[in-house]
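Below you'll find a set of structures to go through.
Shared between the two complexes below is subunit A, which pairs with subunit B and subunit C, respectively.
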Partner chain A sequence: MSLLKVENLDVSFVLSDSTVQAVNGVSFELERGRTLGFVGESGSGKSVTAQAIMGLVAGENVELTGSVWFDGNAIDYEDEKSLRSIRGQEIAMVFQDPLSSLHPFYKVGDQIAESYLVHHTGAKKAEALEEAVKVMTEVGIPSPKTRINDYPHQFSGGMRQRIMIAMALINRPKLLIADEPTTALDVTVQAQILQLLKRLQKENNMAIILITHDFGVVSEVCDDVIVMYAGKAVETASADEIFKSPEHPYTKGLLDSLVGNQDMDSELIPIPGTPPSAADLPSGCSFAPRCTWANKDGMPCDSKAPALVETSSHHSSACFLPASGRSKLLERKSAK
Partner chain B sequence: MASGNLSQGALAWSRFKRDRVGKASLTIALVIVLLAAFSPIILGILNLDAYTFYKDTLDPNTAGLPKGIGGISLTHPFGVEPGTGRDILARLLTGMQLSLLIAIVATTITMAIGVVIGLIAGYFRGIVDKFISTGIDLMLAFPVLLLILSLSNPLTQRLVSLGIPEGNPARVTYIILVLSFFGWTVIARVIRGQVISIREKEFVEASISMGAGPFRIMFRQILPNLWAPITIYGSLTLPSYVATEATLAFLGVGVLPPTPTWGAMLADSVSFFRVVPSYLFFPGLTLFAVVLAFNLLGDSIRDALDPKSIR
Partner chain C sequence: MLRFITRRLSTMVGLLFGVSIITFLLFSALPSDPAALTCGKNCTPEVIEQNRIRLGYDKPVLEQYGVFVSGIFTGRTYGSGTATFDCDAPCLGYSFNKGEEVTVLIGRALPATAQLAAGAFVLWIVMGLGIGIISALKRGKWQDRLGIGFALVGTSLPAFFTGLLLIFTFVFWIPIFPAPRYVEFDRDPLFWFLNMLLPWITLALLYSAVYARLTRDGILETMNEDYVRTAKAKGLSPGVVVRKHVLRSALTPIVTIAGIDLAGLLGGAIVTEAIFSIPGLGRLTFSAISQSDLPVIAGTVILTSAFIILANTVVDIIYAVLDPRVSIQ
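And then the complex of A and B:
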């Protein structure tokens, strides 16, 4: 049985004059000890998906449908109390910018201890601080016994992110959601944090959802990948597969626009255009307006949205034209 | 940056120390508070009493007007009351104790109510916020002074029937209650606005993702960020309450004679203004100095806490 199962997750924000479809029918499963990467541009719905799983998107103007099972139980998003016992205890989150996610007025030791105290009613402060020192050692903060008395601004960016991770880890969650955990850090520190996450995952047999827009990060740590575009999962595959044989034209475009995937003197190939507004999605395939293959060969790209279908084992793509079809089209073109 | 590792408080203090008006007003405010706190001891040393009739200071030929200029002498530096001969300095100091007590207690209650209601309105938003905000608007629309004056007798009676001793305790309680009851609205509005912006900060989101409940978030995460507005509004509310209390006493809502308060002294002195101007002058000047010192102190605290202020 998988640890997390998400089925047909829909999140939309109802505004006074329009409805923003942020997440559109996303389904996936995640096993213990595995890492799932969510990749996509800003506004593709990857963060909202993760937040929705934790019940962090709520309010009068939010419509949330679909079901989420965690550890065999369906999560009830109406029940704030049970949600609170899941947050931090079963599923924990690490945010992008550790400086603004840490409270500037409290010592880091107290903040880490607090997330322990929230879920251990009746625990003594001293016991919580002991746990904090323990988990700070695990995440590699030197001399944690003295550093628990420092404030967030007295740490470097990488150390701050380690503190956020310590905070998330203190209750030994089964699932860690890392929302762009390395985006605010410089490259050398990024690698350290990713290695740290990998080590902690192994030690705690924890599942990780990693949200990123960086394929480099994906190749480093992810087992499986979901590529998101305009609120939809457009391609799901193992990380190796994605790099070896991308199916969806969007994934292909993303990989082509990466530095290092071309010959030394050829230029980067950007994806033309900009992502559509989530309030005003195209009627057919959301990617069609930017796709070089759109409507070729009589495909209904502008009128029908392609479903996510399996193209090979554990590899699905939402495109009318499989990668093999594309090469055939190319051949035909060059033959003419 | 030179101030890299200073805490917020240390930074504010270093800015405050450069502010001469702030230092002066802080000194005066401290002196005032100390004078009020130790007024019985000071009066003991001066060998004065607020309730004694110093009959020898009065001129029997003028039906009780003080001798000389307002009866000012070495033993009675601020002069004496016409008619009774009570020492004005002693009555000012004794009255100050009560004035400050009322102002400090009322300010504390006002801030507490205002902060809690502001936190609730700003944090929960939606219908709770609408309800509270409308309530505040309604309360601000009341003619407060008229209400305080007209409710004075019935409500004081009610307090007595609730077990508060009749006379001054009940009257002081009434003043504190009405000041707090009508005062919290402004604080609640300010706090609500601050909370609305702070609750969207990422550390609040992080705290929610750790499973913290609404009260932990309100009082542990958001409240510490409100200390600047709380300090500023507290230090500005205090002098306004000193002045309001004096106004109420002037209008007859306040402690019973012979207990002295500044407002009652001012009200009394008006009828003697032409013959004994010192009786009006000293209470008026003291009230003015106290309110001004606390107000300037409040301004300086605001400047010190605001990193963007240039002075």
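And then the complex of A and C:
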């Protein structure tokens, strides 16, 4: 039984004059101890998907359909109380910008301890602080006993992200959702944080959902990948497969625009155009306006949206290009 | 900390000198002749000239100012020959219109104003923050509309209107309250309270409207902060998220404004004091201005400035305590 199973997740924001569908029919499964990467440009719906799983996307103007099973139980998003017992305890989250994600007015020790206290009724503050020191040691913060009394602004960016991770880890969650955890950090620090996540994952047999726009991060830590575009999963595969034989033109485009993924003398190839606004999606395939192969050979790209279909074992993509020989076709384009 | 306070206090002394100089210069530029106001119908040019010399208005402005300043530190002696009297340090001058020392006049008026300001402050903080918090939490609902409506009405209505409206409604129409007559607290606490309630409400309406607005906007802005999302992701209940994580940040800036507003009000609420017959600093200042009574004007202006500068310093210290990112060095 998988730890997390998401089926047909739709998230829409109902505005006064229109409805914006941010996530459209996303389905996936995640096993214990595995890392799943969500990749896509900003606005592709990867963060909303992750926050929706935790029930953090809520409000009167939000419509959420589909089903989510966690550890064998369906999550009831109407039941605020049971949601709260999952949040921070079973599923924890690390956010992009650790400075703005930590409360500027409270000591980091208190903020980490707060996570522990919410889910350990009857626990004393002193006990929670002891736990905080323990978990701070685990995430590699030097002299945690004194540093629990410091405020977030007294730490460096990398240390702050370690504090966020410590805060997420203190209750030993089964699933950690890391939303662009390294984007706001220096490159040298990025690698350290990724190493840390990998180590902690192994020690705790924890599943990780890693949201990123950076295939470099994916190659570093992910087992499986979901590529998202305009609220839909356009390709899912193992990380090795994605790098070896991408099947969706968008995935190929992302890989081609990745620094360090080409031969030294070949140029970076950007994807032309910009992602569509979720409020104004093109009919048919959302990627068609930016796609080199759109509407070729009588493909109905402008009128029909391609479904996500399995092309080989554990590899699915949503594209009208013929599955056989598609990788070769995409390969040729980047070679020119 | 100590260095900060000393530096602030020395700045304060400098500022007070500046304020008093400006007061003197403005007063000397006024077209009205303070000496001419001393003798009413019996005035002859000779009497006016005599009084001018007696009051010291014949001297150059700078010399008048010098005498005033030295009076604060060493006291001064009024008159000449046998008809002299001493005004001990700190002497802010002597009001010939009222026949009393300025410090005595201020000392008598200050308690009434302080009571007015303190009561109004408590009311407007409770009302302003309360309405602001409810509006923000019930955003878009009828409670919010009511709150915003109240804020709009409150800021739009001047004190002389709400004050008179309250008197008309609750003294004449539905006689719940006694006619405004100031009674000291120790003489009749109940009457004192009933009498102060309407002026407190008048001032509180005016101020709480602004505070409701500030509180509401502050909370709604803080709700979108990343650290509030972090708090929710921890599994905290909505109540704890609001109380511990949202309000703490949203209300901190209000401390600054509240401190300075309170200090400003301690300088006297001229209109409210006039409507409700409260013998406070506002009334004292008003009558001094209409009688061109320079010593009293200078005294009240300097006192109000001192309150505001002190409040600024206190607010800065409180702010540094509340927000660990701010340090006072």
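Everything below uses one rule, namely that the second predicted complex is superposed on the first by the 321 of 336 C-alpha atoms of A that agree within 3 Å, B and C clash if a C-alpha of one lies under 4 Å from a C-alpha of the other, contacts with A are read in each partner's own complex, and residues count from 1 in each chain.
The rule is simple: a residue touches a chain if its C-beta (ideal position, glycine included) is under 8 Å from a C-beta of that chain, and two chains touch if they have at least 3 such contacts.
Keep in mind it's a predicted model, so treat the numbers as computed, not measured.
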### Message
Following the superposition defined at the top, how do subunit B and subunit C come out on subunit A, clash or fit?
### Response
clash
### Task
With the two complexes superposed on chain A, say which partner A:115 touches: subunit B (first), subunit C (second), both, or neither.
both
### Task
Answer with first, second, both or neither: which of subunit B and subunit C does A:84 touch in the superposed model?
both
### Query
Counting only touches as set out at the top, which of subunit B and subunit C does A:54 meet: first, second, both, neither?
both
### Query
Is A:145 contacted by the first partner subunit B, the second partner subunit C, both or neither?
neither
### Query
After superposition on the shared chain, which partner residues are touched by A:199: those of subunit B (first), subunit C (second), both, or neither?
neither
### Task
Quick one: classify A:124 as touching subunit B (first), subunit C (second), both or neither.
neither
### Query
Is A:134 in contact with subunit B, with subunit C, with both, or with neither (first, second, both, neither)?
neither
### Query
If the two structures are placed on top of each other, which part of subunit C overlaps subunit B: 59-67, 77-85 or 311-319?
311-319
### Task
Take the contacts of subunit A with subunit B and those with subunit C, and give the residues found in both.
54, 56, 84-89, 92-93, 95, 97, 100-105, 114-115, 118-119, 151, 153, 164, 167
### Message
Give the list of subunit A residues in touch with subunit B in this complex.
### Response
54, 56, 60, 84-89, 92-93, 95, 97, 100-106, 114-115, 118-119, 151, 153-154, 164, 167-168
### Message
List the residues on subunit A that touch subunit C in their complex, please.
### Response
54, 56, 80, 84-89, 92-93, 95, 97, 100-105, 114-115, 118-119, 151, 153, 164, 167
### Residue numbers on subunit B that touch subunit A, as the complex places them
5, 7-8, 126, 201-203, 205-213, 216, 220-221, 224-225
#### Entry: subunit A contact footprint on subunit C (complex, rising order)
225-227, 229-238, 245, 248-249, 252, 322-325
